[in-house]
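When the chains are written out, they are named A, B, C and D in that same order, and each has its own residue count from 1.
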Amino acid sequence: MSALQDLEQLLEDIKNKPASKTLPEGFPSEIPVSLQGIRKRLAFLLEKTDMDFPYLSGQQPFSDVSRLEGNIENYIGMSMVPTGVIGPVSVLGSMAKGDFYIPLATSEGSLLASYHRGARACYLAGGATSVCLIDGVQRSPVFKFDNLGNLGTFLVWIIGHLDEFRRITESASRYARLTDMKSNIEGNHLILTFEYHTGDASGQNMVTICTDAICQYIIQNAPVQPRFWFIESNFSGDKKATSQSFANVRGKKVTAEIMLPEKLVTDVLKTTPVAMAEYWRSSTIGTIQSGSIGAQGHYANGLTALFIATGQDVACVSEASVGITRMELTSDGGLYVSVTLPNLIVGTVGGGTSLPTQKECLELLGCYGAGKTRKFAEICGALVLAGEISIAAALSAGRFTAAHQKFGRKR
Amino acid sequence: MSALQDLEQLLEDIKNKPASKTLPEGFPSEIPVSLQGIRKRLAFLLEKTDMDFPYLSGQQPFSDVSRLEGNIENYIGMSMVPTGVIGPVSVLGSMAKGDFYIPLATSEGSLLASYHRGARACYLAGGATSVCLIDGVQRSPVFKFDNLGNLGTFLVWIIGHLDEFRRITESASRYARLTDMKSNIEGNHLILTFEYHTGDASGQNMVTICTDAICQYIIQNAPVQPRFWFIESNFSGDKKATSQSFANVRGKKVTAEIMLPEKLVTDVLKTTPVAMAEYWRSSTIGTIQSGSIGAQGHYANGLTALFIATGQDVACVSEASVGITRMELTSDGGLYVSVTLPNLIVGTVGGGTSLPTQKECLELLGCYGAGKTRKFAEICGALVLAGEISIAAALSAGRFTAAHQKFGRKR
Amino acid sequence: MSALQDLEQLLEDIKNKPASKTLPEGFPSEIPVSLQGIRKRLAFLLEKTDMDFPYLSGQQPFSDVSRLEGNIENYIGMSMVPTGVIGPVSVLGSMAKGDFYIPLATSEGSLLASYHRGARACYLAGGATSVCLIDGVQRSPVFKFDNLGNLGTFLVWIIGHLDEFRRITESASRYARLTDMKSNIEGNHLILTFEYHTGDASGQNMVTICTDAICQYIIQNAPVQPRFWFIESNFSGDKKATSQSFANVRGKKVTAEIMLPEKLVTDVLKTTPVAMAEYWRSSTIGTIQSGSIGAQGHYANGLTALFIATGQDVACVSEASVGITRMELTSDGGLYVSVTLPNLIVGTVGGGTSLPTQKECLELLGCYGAGKTRKFAEICGALVLAGEISIAAALSAGRFTAAHQKFGRKR
Amino acid sequence: MSALQDLEQLLEDIKNKPASKTLPEGFPSEIPVSLQGIRKRLAFLLEKTDMDFPYLSGQQPFSDVSRLEGNIENYIGMSMVPTGVIGPVSVLGSMAKGDFYIPLATSEGSLLASYHRGARACYLAGGATSVCLIDGVQRSPVFKFDNLGNLGTFLVWIIGHLDEFRRITESASRYARLTDMKSNIEGNHLILTFEYHTGDASGQNMVTICTDAICQYIIQNAPVQPRFWFIESNFSGDKKATSQSFANVRGKKVTAEIMLPEKLVTDVLKTTPVAMAEYWRSSTIGTIQSGSIGAQGHYANGLTALFIATGQDVACVSEASVGITRMELTSDGGLYVSVTLPNLIVGTVGGGTSLPTQKECLELLGCYGAGKTRKFAEICGALVLAGEISIAAALSAGRFTAAHQKFGRKR
């Protein structure tokens, strides 16, 4: 509900959104890498954000292995992943407001160039609205009984002890808050899905600890004992794309949108809104035929690069890269584009967020530490929006045969 | 078919597989990181594999930015991802044969410890069979016509020109080979799925180039023009989990299996085959309920860490982490475990494989350069098998209530 | 929650469940159809249930076309679907208690013979527990706005008017009760899912009428107008299998279970619990690979035949035939089997329930009219359980090679 | 490939398609049922098609129970399902050419009225193109081995015996033809998918018999014995919606399309092409969110009613009702609509096709007996197209708020 209040405020901001910004002050973008280019970009970022990057730039070698505590076992050294910056990415969010330079770590050529181009289009269109709508992380233990009768007795007892489970959660973690519990019966199996708010941590460990504490209490006190139980039934969607998480929430749910004027699509993206809308329709049908969960282009590219750079749990790209992209013509010949990411497992504390280069990258976004996760999630939404616009533009540009160009004009 | 010939040979090897190996010569495993531990591990690996790791260990700073050509734009520096090693991972494959020390890059604590434990169990059971069965990478252009009639005329022409498409493929790429073409009609949309062998590259760029060359030829020569076309209909499953890729192949398809004797499960994994089989069944049902594609535990964890360390396209974890894990009791009270990964998009040339630390990590596996991709894919299979065993053991250990322990004994 | 109370009571019944019943008094089962056989069965049913079947048996021709009001347009006559009876099906439910003779209308040979065999096994095992757990029917209108900001303002207003929507529901229908409302934001699209209890009607029309009344109120009173809206976004799962309905509820959710002693499996089903458990595991893996929603054998066969016979909306088999079947060995060598059907759209009033033969068939089950839908749903569960047992038995019998028979014995 | 040749011929027909027909000669449509209306419709059909309907109309009672042989067990009588007729449905197919009156059996009020309205729009637009593209019915036995090595030896042998399997198929059935075999390895499980042409039968029994014969040969002759095997792994998609069948074929694959001029949409369907296109986009997004297989409105309604009337295996609606509907604006302001049904399990011989009323209904369509299945499938396509148009028109009509009507005009 707090997100909804933010939306009301956002309404005013959006009304005042400039139809089109002027060109961004020249971020020194570059495709072939040069030492001079690196220096220029670092200088630009220093001026713009007052940040230097001792670890990322290699000026300061890493030596304090105690900083790795809890992050790795059998350590032998540091893998180095090439990292660049795109931007400015202009975000109109409930927590993320303003222009951001986004660090991306990848070895896939053209990824940054593509996202950078999309970001430029979004910037010139006045920025992307991006809102973190809801959040929740789940654990789903399963309990197995001798029969349905025992299961029923157990479940009646469980439902009477929700307040106790909330109390246990508060004891087990300073940050976690139990927000919901759902039950799901299948024969003599009972899955209980506990959903939590996890503050600014991505929260998978936190919800495991809390759920284990709740389960220990249950096992000790319930009037009927399950034959056995497991703390995770594989229903919660951890590290995998699932229809359930997709249609609900896992981590943060973000939606982002933008209106691209026709001229901007033509001038900057070198295609037309008609062509992009046709591409969207055809590719959405293609996605449906492939048996995908959701329908999107390449969320995984941008998210993976951002997750590596900022110390997120990169394996969660499995679930985070699921969502829906939508593109449609507007009544004035422009293009409406939206992306929806319901499964953003992200955090700005814990995990790899305090590692040397990762901390620097989070700080570049103003997203290091407590109180920053929703902001970070909204930046993810804007990034992904830029990427979807860019790939649809590239795939639709110049791919129309003569016959269609006539068709396009007729429209 | 060549994979099948390999399987015949494998049969003999497997027959001679030792029921149980002795303990591996002490790889200096360690949970809290210490400088002494790092030195010990580097020394151990030097002795075992004759490899040192100048970049990974930080002894040699990275300076030659020309090595980044084609990997990144807007570069500012290197993200450092903590990297450790697990092993030995004993693999009985068609290309991967022997004991491997596998580098994993992650910031998620306990990930390496968990995979290491699984690898130890597999080693003691005589090693994991892991076979790369088939391979293929797809591009799926879509062509849109005025009506079904035109589409039909076009498709009849297309089917008559397969040999020409093969020839074009050979001209467009030294490595790609067109192996199949499928058509899929939906109203006035025609999707053509071109499937290629891509040698030792992961191949996404290669198949785009070849398919574009084929499409240009089609557009110039076909008797009927599509109204428009796009080089990718989003049907091919690039960067996303899909039912189609899962049930067929995308990249390499690998299956791996092992028999764990009961005593080994009890002694090393601290649980029982009965408990693991119960966990598997319950969690498979949980996965089905979640609307997942396939049914597995946490393939994404190991694959992501290995992909980062070895310069793979990490975003492909979206599709690579889909598969099926199976666990069942054997007639002598042990546990059969298999994993199947049909969508391993991996390469040992191109992409990030030549970057400084990434090359070192591939060399540690004996997987750098041409002729190594199938070997690398089989190592992926064995790694994932170890991870599935470890998590199922952890989740099933100690989670049985008194009632069940009695039940367990009876079995 | 009332279902849960029923479960507690059920617990006692189940405890007293006879391990094995004696053979049912001979229902005159018959594979080739004969006039004598028909007479015997009608006589048997008359004696057992005090029912004759004037319309079904053809003794009374149908003439009163006014009974068709609201069921059909452009009527020309009656399609005749062959109908038989299986049973007794012994049900231990919260509403369905006792032995039932179930009418099935089909033209697929061996369908009834197969379900009859399964029912016999269940009867001899003491009957199937079958419980209607929860119920709910949904309508999901979608509202489209100029932008997210407007959507947010609208949604804040919506959430403040739930009581009004409940009141409107009560005015619009005597039977419907609004039990839940969920919101789902995707860009500038807002889907509201209204969930209702629909009494003893299957309820699709009822929820449309109520939701339309609510939407009219919303459009007239909301502070922000959507650009447009549709009463159904195709999210509710009407007439189609969906992951969402499968993991939640649509119509009634029923789960049914039984323990089959080893001797019964051997003697009646001519296979072994080991073979059936193996079949279940292999076929569940096969189902997962096929990209099915849920995992079951042939729910559609029994449900379609029962739906035709009893005047249900047969097209709802699309969603009703989704669920999970589970089979596993018990500690004493028997077989546990359960089925779970979360999307049973069924009713005992309205629709085709009052048509001549359909009414007779519902009366045979004691399920005609108000207050009978949960009972009917539980009978569906028991029927489907019988069918799953029968097909698994048939597919597993005699399909083991010599090698396995040895394996089987060892177990 | 033969379908493709048909498409070429079709091209010419379609070119000559009248832009718009005149109103159909008055089929006496009626919503409330009256004896007079029934007489009028029967007289109309007699004149138009030279058919009377002694069984359907109730003039001739059913008595010859020997006609039920192979269709039912434990028979007690005939369920009567109300049946009406819609039409003319104008079809431009490769086998179905002309105007059809389609019988539908249902108890759901307004179903026929809705399909009738859609059919009228299609008729006035010159008829629906509907083409049966490909066909194939599958059985997927699974073989389980001691290990991958044995599986490999077995599979190498299998691949060398395809010709033998074709020969066995020809011996086992007069009609079946083995067209393809695919293998799918998962650990020590091997699924072989045999695909057949089944002539004019729906073919499920035929493919079971042939596959069993093949498997018996395999078991007797293969160099390695599986530990066990089952004739169906549940991979083939029998009686369930699956992603695999949806993206390939199961039974017949049909696609149908039509162009509706703007004026026709306004005059006959009382909505606008813009509104219908908006509805399509919103509802497709809604469907994606629901986790459906494919994306369509209510294929199940029309197919179920036609299947009951014509003696099809109605339970196959589970798979047959999966597909893709697409609607989009044309350059001249009209609406393009297509439907694609890849899983039409239908037959015109065998099953229930010879039952009294079912035979009459097939004869009304000119689809009784050998050589008619592709024609019947194309009629299914046109019927479903009419239904999708009708529901989208109904849901989009009058649902636009004032703001949108302005928007609509602007377009």
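As a convention for this text, contacts are C-beta pairs under 8 Å (C-beta built on N, C-alpha and C of every residue); 3 or more make two chains touch, one makes a residue touch a chain.
For clarity, every value in this text was computed on a predicted model and none was experimentally measured.
Number of steps on the shortest path from chain B to chain D, with steps defined by chain touch: 1. The interface holding more C-beta pairs in contact, when A-D is weighed against A-B, is A-B.
The contact pattern of B-D recurs in A-C, the pair among A-C, C-D or B-C where over half of the contact pairs coincide by residue number. For this pair, chain A with chain D, the centres built from the Cα atoms lie 41 Å apart.
One inter-chain figure worth recording: chain A and chain B are separated by 24 Å, centre to centre, where each centre is the mean of the chain's CA atoms. Among the residues of chain D, those touching two or more other chains are numbered 184, 186, 189, 243-244, 246-247, 284-285, 289-291, 293, 295, 324, 326, 407.
Residues of chain B touching chain D in their complex: 1, 4-8, 10-15, 129, 131, 133, 147-153, 155-156, 159, 184-189, 243-244, 247, 253, 255, 257, 259, 291, 324, 326, 336, 338-340. Listed in rising order, the residues of chain A touching chain D in the complex are 243, 246-247, 281, 284-285, 288-291, 293-295, 324, 326, 328, 331-332, 407, 410-411.
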